[in-house]
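Heads up, the next two complexes both have subunit A, just with different partners, subunit B and then subunit C.
Coming up: the complex of A and B.
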């Protein structure tokens, strides 16, 4: 079945040259592209749209620092903050009799500071303490004892009763409640209201999701392009030589390539990635192995078909060297297919890389990588949708652009090509 | 059976053997270069070197590589795979026997969904080739195959099991129900059906819907395009032109005459999807915490359990080879032009 398709030379085109084709010869490169639009219809638009998308993706991948507002691996905000929501301010509540106190006054080990359990208040307190410690002179260390309360009332009661020395809460929840406690007042602002939030929220350790996916573009492009180039550089010559020389070498190579091709790619990649260990070079190698057979099969099939053409026969009878026949007469015929496979391959490679990272066989942890972010976000699927949605959409968009380019190019250049 | 058909079948079957062998060999040697050590991962770092050596000796890991290899190939031929190196050293046959049903229960509905979506949408797109609907279908199919399977699964989880709790988040059955549910074959749906345990059946089916829809949709992206290309070729053939000339309705031509004739090549292509299906099952099982073969493989690779991993991969390879063999034979029977 597959052999059938590969060996069939392209069906004879209609003998009359259509007008649009004649037009194409008379005009320049740019006009030619626009004229071709009429003929290729939707496919032309597919190519155009994916080209624009790819241009954008490549710019983002090459210059992530232009787009990313924060360092992708720095903790820049409170954890699990919803997209667009500014981190709210937190204030320190203290008894009136204590006077004008700040965290410095009660940041001691002998002092207790309360907050509601599980609320971002704990983080605000930690941040404020860290800032104090950074500014503190050598040997001085602020480390208030943290007391956790189930409800606001419980905490304020404890504060009013003198069990704790301060309580951290957001001002908006305190507004009316504090009137019920005549002995308490807001003593100090612990953290200012941030003017703006994070476009795509923050993850569980307070990293900016947006910056991470921007920097992730670079990783995805590096892995996708390099692994595709490696498979191309190995697969194409192998296919050319195998198809051209034939014989036992061809048979053995075909058998090996067919076995690799028929096997679930991701599983093979997992095994190889597990052998090589984490690291970007290793990931590139393990993904590259998967796609060598794809190049090999297509190139070999086309070489077999072209080998029998008259002009190759003629070149051979004129005594042209084998190397020259291979490079000058046969190779140009496989270029269009190789371009198509390359484009689809890059998209697929990015998808596979995300899968590998998701399963934990990918890059070192904390790399700004979409697959890693998706894997980490899976644990928070119940309460933080933004952790997985944005990296997932990025993988989809980049893969989509490359596949769309490849698919429509194949429809335009080589309508008979059905292999993936 | 004609002579040439017999020759074709024999050649085809013989070609399957080196294919499986090559894969298994590659995996065997890949696993042996792994930097990790199954003995260490099982015993922990505090056990003395003597004890580790003793275990190594008992499990046969201290023998020369080539003898281990011959032994392993021998095991493969008898379908006995030996015992796992980690996690209780149970026979791999049993371990796979427990997990294979989960994978099969996941993949059968998935591939059915893929076939239904793929064939009809693909045929419809082929019928309307170069019209807007064709481009829309193609665009959607490319989008579907560009979405990472696990991402699709996670989005479904967020939408219809966290936001609107219709489907359970993960697992094969409600944990509470599992304590009383007995499943001798490990096919939960089948066992629940046989014992007429309706709540269990309902629970098992509900747990299956999200994973199999995810897997099926992800696969159908590629499959729609394959069907479309095949149908376009078929619609250009002479008998369709003849039918058109006789005034047969276009719909009848496409969905009856052409589709019937493309059915076998499409079925073959579906067989080729099997490899992608298995890879997808690994991701789906991880996303939905299904205790299937794919999850097992990933877990055991992390534990560096040589025997378990190479046996599981061998089983995968045999599956893929068997399916593609079956499809080719089927095709050879139907299409007399296919011969060596």
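Coming up: the complex of A and C.
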């Protein structure tokens, strides 16, 4: 008998599959992704670009302190400073007769210090007083009264007339004007000329836009990933059970999910968020509820299809239990579509979160969040383009890279493409 | 082959109905026959005559909307119709296993060959370690002509013939007494099919299993089986040894079926025999004998009463009025004797 089979030419069939195909099984996961073109006809560069983008975004999101130069909620510079422009220095102008004076001498509550209304000089003055207050002993408080003037000339006239004790201005605008006031001189420098500006400028309250974007990545990733995970964890088992058992349970679940699905997404999220109130946990829940039906529908449909496959019946004919069929036969064959929806979903959730925050239903107001930054920045569109451009670009980029990952994963994992 | 003729499985009055919008479809209608130990029983018939349904019904694998509405399946003196779900899970695979129509889709695409086999063993014998199961699996695969270095392959890396042999191995691995091969060779090309047919015979000799080969390929049955059962519209109309049935078909349907097989000796003038009519709609099967609307030898009684499957000669059963006494005559004779 054995000899019979040894002579049997069927053994020759064993070499039907070329060896290079078998060798491909032995390479690691990363190489397999790069071999996607050879394997599945997928475009490897698509995978590569999205992978690099995502890796970068994830590193930024996990370690924002490595990248962000400033505290995102601190007022670190003059307001609405253009990207790349260094904030100029400011000096204190005082009468010559007052002698060598600094802000310490004229920083009292009874002193008046003037500046041009709406100029960053107010910021420089505030910063200087803050620094003094920080270093001052207990009980001493520097708080000069601020006087605002329409023009430089008005202010300097007032100073020369002795109405105020000092005037704050930028040295380059003072250069020629000060010659006309012989009684005045530059007493000392309030703030040094900054060597570098802010990469993406500052917003209306002097926060660094770049730092806020970096820290916003963390919020976006937390909200996007966790809401997608929550809806996956709820939606996938529901879809599996519903599709596998069928019957009344299936009908009831389908009815519920379809009615959820038929709501316009953002409106549903807004209503849930409005009921739950602000806070990151509530945002995650309201976005997760939005995406549960997506998982449910896809997984249920796939389960219905896989359930009818012959290998499931073959497993039943071998006496495999229902639970094992569900976990070992149906679930692994449903995973590829789940992975694809997941990655597209994360991008979508980030977009929804930004939308919710933009509308004011999201996170607490001072959170460094792209949606909040966009909402605040829209008031300054004509004066400060950088306020909405950079958060908007980030939302676009993250959403795009997650979608690209989903697309490329679908090319790699799509069972129809694995057939050679 | 059939020295002892011990009955392995008795099928008695088995009925399977499908519930459809148009009404109940009786796919298998009060079928009774025996399967002998160690034989290869061929089950042939047109598409839709209930062959596959019956194969599944033997393992109680009919899924809703279908339902087994009656009958007994007796194996080892136990009626498996009385088993509960847990007993059935143990029964399936260990006593009776099944090889499916399409080898391309009957293996889980995400499991490797060895995982399939090990899982099948561990489902029924949880005590066996993975290593022992692997050894047993690779021995069996070697016997079936698959090198053990293919154990780690995924199904899509195997050819159709190899996949089918893996399926056969899955059927054999638990030493099931009865293997039901449901159109197991249909999607294979003729050369692979012939090899597999040879292998079925070898398997039967080596492992001593009984096989029920369900197919519409008459030539394969002639090559492979010891006995032949012909099904028509949910009824088994003729059973007999394969030589008897081929040499001397009795039921008019069997005759027509055998004539319909293309033959290389057909000359140009002689056309291939085509049976008149269509297979009946099983929601409303014809009264009496279900074949009578297409039967060239139909009599009056055929449309009125259903014949029984009776033994006309040793080992030969036919369900046709041509070979049994008509009840009117019998009644008359009864009256006369009284």
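Going forward, the second predicted complex is superposed on the first by the 367 of 420 C-alpha atoms of A that agree within 3 Å, B and C clash if a C-alpha of one lies under 4 Å from a C-alpha of the other, contacts with A are read in each partner's own complex, and residues count from 1 in each chain.
The rule is short, and it goes like this: contacts are C-beta pairs under 8 Å (C-beta built on N, C-alpha and C of every residue); 3 or more make two chains touch, one makes a residue touch a chain.
This structure is a prediction, so every number in the text was calculated from the model and none was measured.
Name the contact category of A:264: first (subunit B only), second (subunit C only), both, or neither.
So A:264 only meets subunit B here.
One more residue to check, A:313. First (subunit B), second (subunit C), both or neither?
second
Examine A:332 and indicate which partner it touches, taking first as subunit B and second as subunit C; both and neither are also allowed.
Touch status of A:332: second partner only.
Just to be sure I read the superposition right, which of the two partners does A:403 touch: subunit B = first, subunit C = second, or both, or neither?
first
Looking only at contacts as defined up top, I'd like to know whether subunit B or subunit C touches more of subunit A.
B
Contacts for A:130 in the overlay, against subunit B (first) and subunit C (second): which applies, first, second, both or neither?
A:130 contacts neither subunit B nor subunit C.
When the two structures are overlaid on chain A, which partner does A:150 contact: first (subunit B), second (subunit C), both, or neither?
After superposing on A, A:150 lies clear of both subunit B and subunit C.
Counting contacts the way the document defines them, which residues of subunit A are shared by the two interfaces, the one with subunit B and the one with subunit C?
Dual-contact residues (subunit A): 1, 4, 418, 420.
Considering the complex alone, what residue numbers of subunit A touch subunit C?
1-2, 4-5, 8, 10-11, 13-14, 16-17, 21-22, 25, 309-311, 313-321, 324, 328-329, 332-333, 415, 418-420
Subunit A touches which residues of subunit C in the complex?
59, 61, 88-94, 97-98, 100-102, 105-111, 119-120, 123-124, 143-147, 150, 152-153, 156-159, 161-162, 165, 167, 170, 174, 195, 199, 202, 205-206
Could you please specify the touching residues of subunit B with respect to subunit A in the complex?
15, 18-20, 22-23, 27, 30-31, 33-35, 130, 132, 134-135, 138-139, 142-143, 145-151, 154-155, 157-158, 162, 169, 222, 225-226, 229-230, 265, 268, 275-276, 278-279, 282-283, 286-287, 297-298, 301-302, 309, 313, 316-317, 320-321, 324, 328, 331, 338
So in the complex, the part of subunit A that touches subunit B is made up of which residues?
Result: residues 1, 4, 41-43, 45-46, 255-256, 258-260, 262-267, 270-272, 274-275, 277, 347, 351, 354-355, 358-361, 374, 377-378, 381-382, 385, 388-389, 392, 395-397, 399-400, 403-404, 407, 418, 420 of subunit A touch subunit B.
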